[in-house]
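Shared between the two complexes below is subunit A, which has subunit B as its partner in the first and subunit C in the second.
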Partner chain A sequence: MIKKAHLTQWLDRVAQGYDLFGPVLDGVVQFERVNSSDQLVFDYANSVVPPKNLFLPQTECLFAFRREEGSIILEPRGGLERERVLFGIRPCDARSLLLLDEVFNSDLEDTYYQEKRRGTILIGLACPSPPQRTCFCTSLGIDPLSPEGVDVLLTDLGDRYLVEVTTEKGEELVGLSQELFFPSAEGEKLKGEKGKSLEEVGEKIGSLWEDGYWRELSRRCLGCGVCTYLCPTCHCFDLTDVGSTLSGKRFRCWDSCMFADFTRMAGGVNPRPTGKERVRQRYFDKFSYFPEQYGVLGCVGCGRCSQYCPMGIDIRTIINEVIARGAK
Partner chain B sequence: MSSNIYLPHLATIIEIEAQTPDTTMLRVTLDDPTLAQSFTYRPGQFAELSIFGVGECPISIASTPTRKGFLEFCVRAVGQVTNALHELDVGSKIGVRGPYGNPFPLSELEGRNLLFIGGGIGLAPLRSLINYVLDNRDHYGEVELIYGARSPQDLAFKDELKLWDEQEGVTVYLTVDRGDERWRGPVGFVPSFLREIAPSPQEKVAFTCGPPIMIKLVMEALEEMGFPPDHMVTTLEMKMKCGVGKCGRCNIGSRYICRDGPVFTLEQLKALPGGLEL
Partner chain C sequence: MEQELREIVRKLLEEGAIEYFIGYAEGFEPLHTTPCFIERGEQVQALVWSPLCPYNLARYLHQMKNGAGKVGLVVKGCDARAIVELVKGNQIQRERVVVVGIPCQGQVDLAKLEDAFEGVEAVEGKGDTFLVTVGEKVHSVEKERLLREKCFSCRHPISFEYDFVLGEMSPLVYGSESEFAMVEELERLPVEERRAFWRAQFERCIRCYACRDICYACYCQECIFESKAPRWLEKTTTPLDNQTYHLIRAWHMVGRCIDCGECERVCPVGIPLRRLYKKVEKEVEQLFDYRAGMRVEDLPPLVTFAAEEPALSSRQDRSER
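Take a look at the complex of A and B:
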C-alpha cells in the first residue's frame, strides 16, 4: 500500500534515478518524459496515443550513412541513455506490449524495439470504474485490474493505492522509497467485472472472406488511418531514406494498411486495390491472422479506434456483425 | 548487442551484364572478407538491396550457392531503387540484407524430375535452382524448362539457355508473345505453350515464376494435366519493406511472403484466404 499523498514523493524519487515517463496533459493526454511529478496528470481514462510510441516511435532513425573515400560508413542509432520508467500504463496497453513483443521478438529480434522494451520498467495503473464509453477489454478476456505485463500495479482505493509488485525490477522501484509503503490488510484486491465475451469473433471471421460486409464498411471508411496510428497493437512501418546518396539517414516511420500505397508495388500492381481489401485486411489481421501466428487476438479492447474514427466506425459493431454473420 | 537486422552489409558490384532492354544482372561481392566466406543461402531466397539515399528493395538471388564468392541479382528497372540500381557502375557500393525467406524444398526434390516454367524476369529465382540442380546433377532426374517473354529481346539469360539445352537430360522450350523478323521459334503465351508441350506429371515437381496472371494460368493448366497441388511450387512477390515479417505489409492471410514465403506450393496457397488472388 501507499498513501495517495505519498505517490508523487515516490515518483520524484524514481525520476532521480531513471528517465520518468507518464501521462501529461499536452493538448490531449500523452505519455511523455517528465522531470518531476508536478507535470503528471492522475485523473485520466487513457492516453490518446498509446504508449507503443515509446517502443516503436512514430519516426525513428535506424542508422546514418555517408560516403567516404570510396566506401560508405554506416552508423547505427538507437539505444537508451538511461533506464526508463513508464508510469500510468493501463492494463489493456500493457497487454498490447506483450503482443508487440511477439512481433518484434519472434524469429529475428528487432534490436531497436528490444532495447527500449528491456530498458523500461512499467508502473501500471488499474482502471477506474466506470470505464470509458468505448472500453471493452473485458469482452476480450482482459482484466482492467490485472498486473499482467507490468512490474508494479497500483489500484486506486480512495485515499491510498494497493501496490502489487510482480518483478524484481518492480521491487527495486519500491525499494527506492521503502518507508512510504506499508502492508495491506487481507482481501483489499478489487475484482474486475467481466463483460460479455466477444472472443468467438476469432473463430467466425474466417468464413466471411467473400462477405459483402467489407465492401459496405469500406464505403464509410475514409482511409485516414487514425485507427491504426492510435491502435496499441498496430505495428506496420515503412523504411525510408532521407538525404542524398552522399549522406543521409534511414528512418522507420509508422505506416498503415488503410493507405492505398501500402501494398502498391513498383510498376503499379496493387493486390489490395480498393477500400474493401484494406478494411478486410485490418480486421482479419486483428481477429484471424494475429491469433493464427501468435495464439492470441490482436485487439486489446482499448476502444481508441472507435473513439477517434471520424466516421464513427466502431470496432464493437464490427465484432458483433462478424459474430452474427459468420459460421464457425 | 545482438545483430541489427536493419543494418545492411556493404557490397561492391563486380560485374554488370545487360539481359534485356529493361533488365540487368548485377554480380556483387560482400566487402567484409569473413562474411563473404560465411554468407550462405539456398535457392529461392531473396535479399534486400540498398542504395543509401534512395532506399531498399527485395530482389531474389539469381545465383546458386554451389558457386561461391559472389551473389547475382537480376534487376528490372521498374521503380525508384531498381532504376537507381541500373545507373550504377562496376565498383559501386550497395547494401545487402539477407538472405530472407524460405527456399525451394531441396531435400524433397532428390531423385525427381523437374519442370520449370518461367515468364520474363520470373526466370531469375528459378535460375538459382536450375543451376543448383545442374551442379548436383546426379541427385535429380530429367530437367525441362519452358520459358517465355514478351519478345525475343526480352528473353533473359540467353547464353545460359543455350548451355542448359546442350546438357544431357535437359530440354529448353522457348516461346515469345510476339516474334520479330529473326525469330524462328514458337509464338504464344506461356500457359498455352505449356498445354501444347503437355509434359508428363510422372515423378515430377513443377516450379513456376512470372507475372501473376501467368502463374495463375500455368497452375490451372498444370492441375488439368494431373500435377498434384503439393507438386506445384511458385515464388511470389509483394510489396516488402523489412523482409523479416515485422513491418506488416506483405501478407497473404496469416503468412508473410517475406518470412513464410516467397516459395509456396499451390496446396499451401489454396489454404490461405485470398491465396489464389495474387
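Take a look at the complex of A and C:
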C-alpha cells in the first residue's frame, strides 16, 4: 500500500534515476516525458494517443546514410540514453503491448522496438469504475484491475493505492522509497466485473468476406487515420528516405490501412481500391488475421476508435453486427 | 419535425425522385448520432433530428460526383453553404440534389454537455433553452451554456434556397462578441508569441488527416499531401512537416472555408483549427468583400481578376501613404 499523498514523492524519486513518462495535459491527455511529478495529471480516463508511441514512435529515424569515396556509410540511430519508467498505463494498453510484442518479436526481433520495450518499466493504474462509455475491455476477456503486463499496478482505494508488484524491476522501483510503502490488509483487492463476451466475433467474421455490411459501413467512413493511429494495437508503418542519394536519413512512420495509398503499387494498381475493401481489412485484421497468427484477438477494447471516429462509427456495433450476421 | 422529415423522404424515395437520402440516425448511445443512407421508404423511421447532429452531410456529396442520379440530404444553415460551394466548384449540379433545410436551433457542444450532466438521454432545442432529459427529469438550460462555439456567431442559418424547409427559419445570433474575436485576440499578440502558439498546437498533430477528410472543400482528385511524384510532404511528423501541412491547407481554404467547424470538432488532439481558418476567412472578407457559401452566382476571388480590386487598392493606398 501507499498513501495517495505519498505517491508524488515516490514518483519524484523515480524521476531522479530514470526518464519518467506519464499522463500530462498537453491540449489533451498524452503520455509525455516529465521532470517532476507536478507536471502529471491523475484524474484522467486514458490518453488520446495510446502509449504505443513510446515504443513505436510515429516518426522514428532508423539510421543516417552518406556516400563517401565509393562506399556508403550508415550511422545507426535509436537506443535509449537511460532506462525509462512509464507511469499511468491502463490495463487495456498494457495488454496491447503484449500483443505488439508478438508482432515485433515473432520470427525476427525488431531491435528498435525491443530496445525501448526492454528499457521501460511500467507502473500501471487500474481503471476507475464506472469506465468510460466507450470502454469494453471486459467483453474481450480483459480485467481492468489486472496487473497483467505491468511491473507494478496501483489500484485506487480512496486515500491510498493498493500496490501489486509483479516483477523484479517493479521491486527495484518500490525499493527506491521503501519507507513509503506499508503492507495491506487481507482481501483489499477489488474484483473486476465481467462484461458480455464478444469473443465469438473471431469465429464468425470469416464467413462475412462478401457480406454487404462492409460497403454499408464504408459509405459512412471518411478513410481518415483516426481509428488506426489511436488504436493501441495497430502497428503498420511506412519507410521513407529524407535527403538525397548522397546523404540522408531513413525514417519509419506510422501508416494506416484506411488510407487509399496504403496498398497502392508503383504501377498504380490498388488491390484495395475502395473504402469497402479498406474497412473490411481493418476488422478482418483485428478479428481474423491477428488471431490466426498469434492466437488472440487483435483488439483490447480501449474504445478509442469509437470515441474519436469523426462519423460516429462504433466498433462494438460492428462486432455485434458480425456476430449476428456471421456463421461459424 | 422528425415525422415531417420522414414523410418527405418516404415520398421522395417512393416517387423515385432520389436514389438515396443522407440524414442522421441514432448512434451507439443517445448522445452520438451517426450519418445514415436511406434507400427505401421503409427505412425512414431511422431518421432523427436533434441538436446533437454535428455532421456536415454535404461532405458525402463527393460520392455522387461520378454518378448521374439525384440525392437528397438534410442540412443545417452552415452545411447549406457547403452545397453552394460544391455547385460553384463544379463538383455537383444543383438539380441533382434535393435539399431539406432544417431551422437549426443551434448545436450542442458534447464536451460542455458532458461536463454539465451525466447520463443524458435526449436534448431538444426550445427558444432560448435546451431541454436536457436525464432519467425522469427534464432540465431547461440556457443555450449559451451548451452551444458549440461556432453557433455563437452563426449569421446565416438561412442562406440557401432549400427545396424543402421544415418549419420556420430564423437567424440565431448569440453573444455580442464578433465572430472574429478569437482571431483578433491572437492578432494582438507579438508575432513571436503568435508563432509559439501555433507551433505548440501543430506539434501535437498526428496527421491523421481527419480534418482534411471531413472537409467538404477537400475534393481534389489527388491531394498534394498524397502525391508521390513530386513528393511535397513526407509522412514524417516533425514540427516543420506539421506546420507545412497546416499552412498549405489553410491556403487551400482561401475563399472556400464555410466555417462549418467540422475540422475542429473531429481533431482528436484538440487543435483549434477554426481559429486558423477564421483568420483566412477574415482576410478574404476584408480584401475582397467576399464570403464563401452565400450565393451560387458569387465568383470566388481567387478564380477572378479585377484590375481595380476595390478592397485591395484601398489597402495599397494605405501602405503607400
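Note that the second predicted complex is superposed on the first by the 328 of 328 C-alpha atoms of A that agree within 3 Å, B and C clash if a C-alpha of one lies under 4 Å from a C-alpha of the other, contacts with A are read in each partner's own complex, and residues count from 1 in each chain.
In this text, a residue touches a chain if its C-beta (ideal position, glycine included) is under 8 Å from a C-beta of that chain, and two chains touch if they have at least 3 such contacts.
Because the structure is predicted, anything quoted here is derived from the model rather than measured.
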- Task: Applying the touch criterion given at the start, work out whether A:D255 contacts subunit B, subunit C, both or neither, answering first, second, both or neither.
- Result: both
- Which of the two partners, first being subunit B and second being subunit C, lies in contact with A:V49: first, second, both, or neither? second
- Considering only touches as defined above, state whether A:D238 meets subunit B (first), subunit C (second), both or neither. both
- Query: Is A:W209 in contact with subunit B, with subunit C, with both, or with neither (first, second, both, neither)?
  - Reply: first
- Query: What is the contact status of A:Q9 with respect to subunit B (first) and subunit C (second): first, second, both, or neither?
  - Reply: neither
- Message: Just to be sure I read the superposition right, which of the two partners does A:Y229 touch: subunit B = first, subunit C = second, or both, or neither?
- Response: second
- Task: Applying the touch criterion given at the start, work out whether A:P310 contacts subunit B, subunit C, both or neither, answering first, second, both or neither.
- Result: second
- In the overlay, answer first, second, both or neither for which of subunit B and subunit C A:Q132 touches. neither
- Query: When both complexes are superposed, which of subunit B and subunit C contacts more residues belonging to subunit A?
  - Reply: B
- Item | Contact residues common to both interfaces of subunit A (with subunit B and with subunit C) | 238, 240, 255
- Which bits of subunit A are touching subunit C when the two form their complex? 26-28, 30, 48-49, 58-59, 133, 216, 219-220, 222-226, 229-230, 238, 240, 242, 251, 253-256, 259-261, 306, 308, 310-314, 316-317
- Task: Could you pull out which subunit C residues touch subunit A in their complex?
- Result: 27-29, 32-37, 55, 59-60, 63, 201, 204, 206-210, 212-214, 226, 228, 234-238, 262, 265-266, 268-271
- Going by the contact rule at the top, pick out the subunit B residues touching subunit A in the complex. 1-8, 10, 31, 51-57, 78-82, 93, 95, 212, 237-239, 241-242, 244-251, 253-254, 259, 273-274, 277-278
- Task: State the interface residues of subunit A toward subunit B in the complex, per the touch definition above.
- Result: 62-63, 65, 67, 71-72, 74, 76, 103-104, 106-112, 115, 206, 209, 234-241, 243-248, 250, 252, 255, 257, 262-267, 269, 271, 281, 284-285, 288-290, 292-293
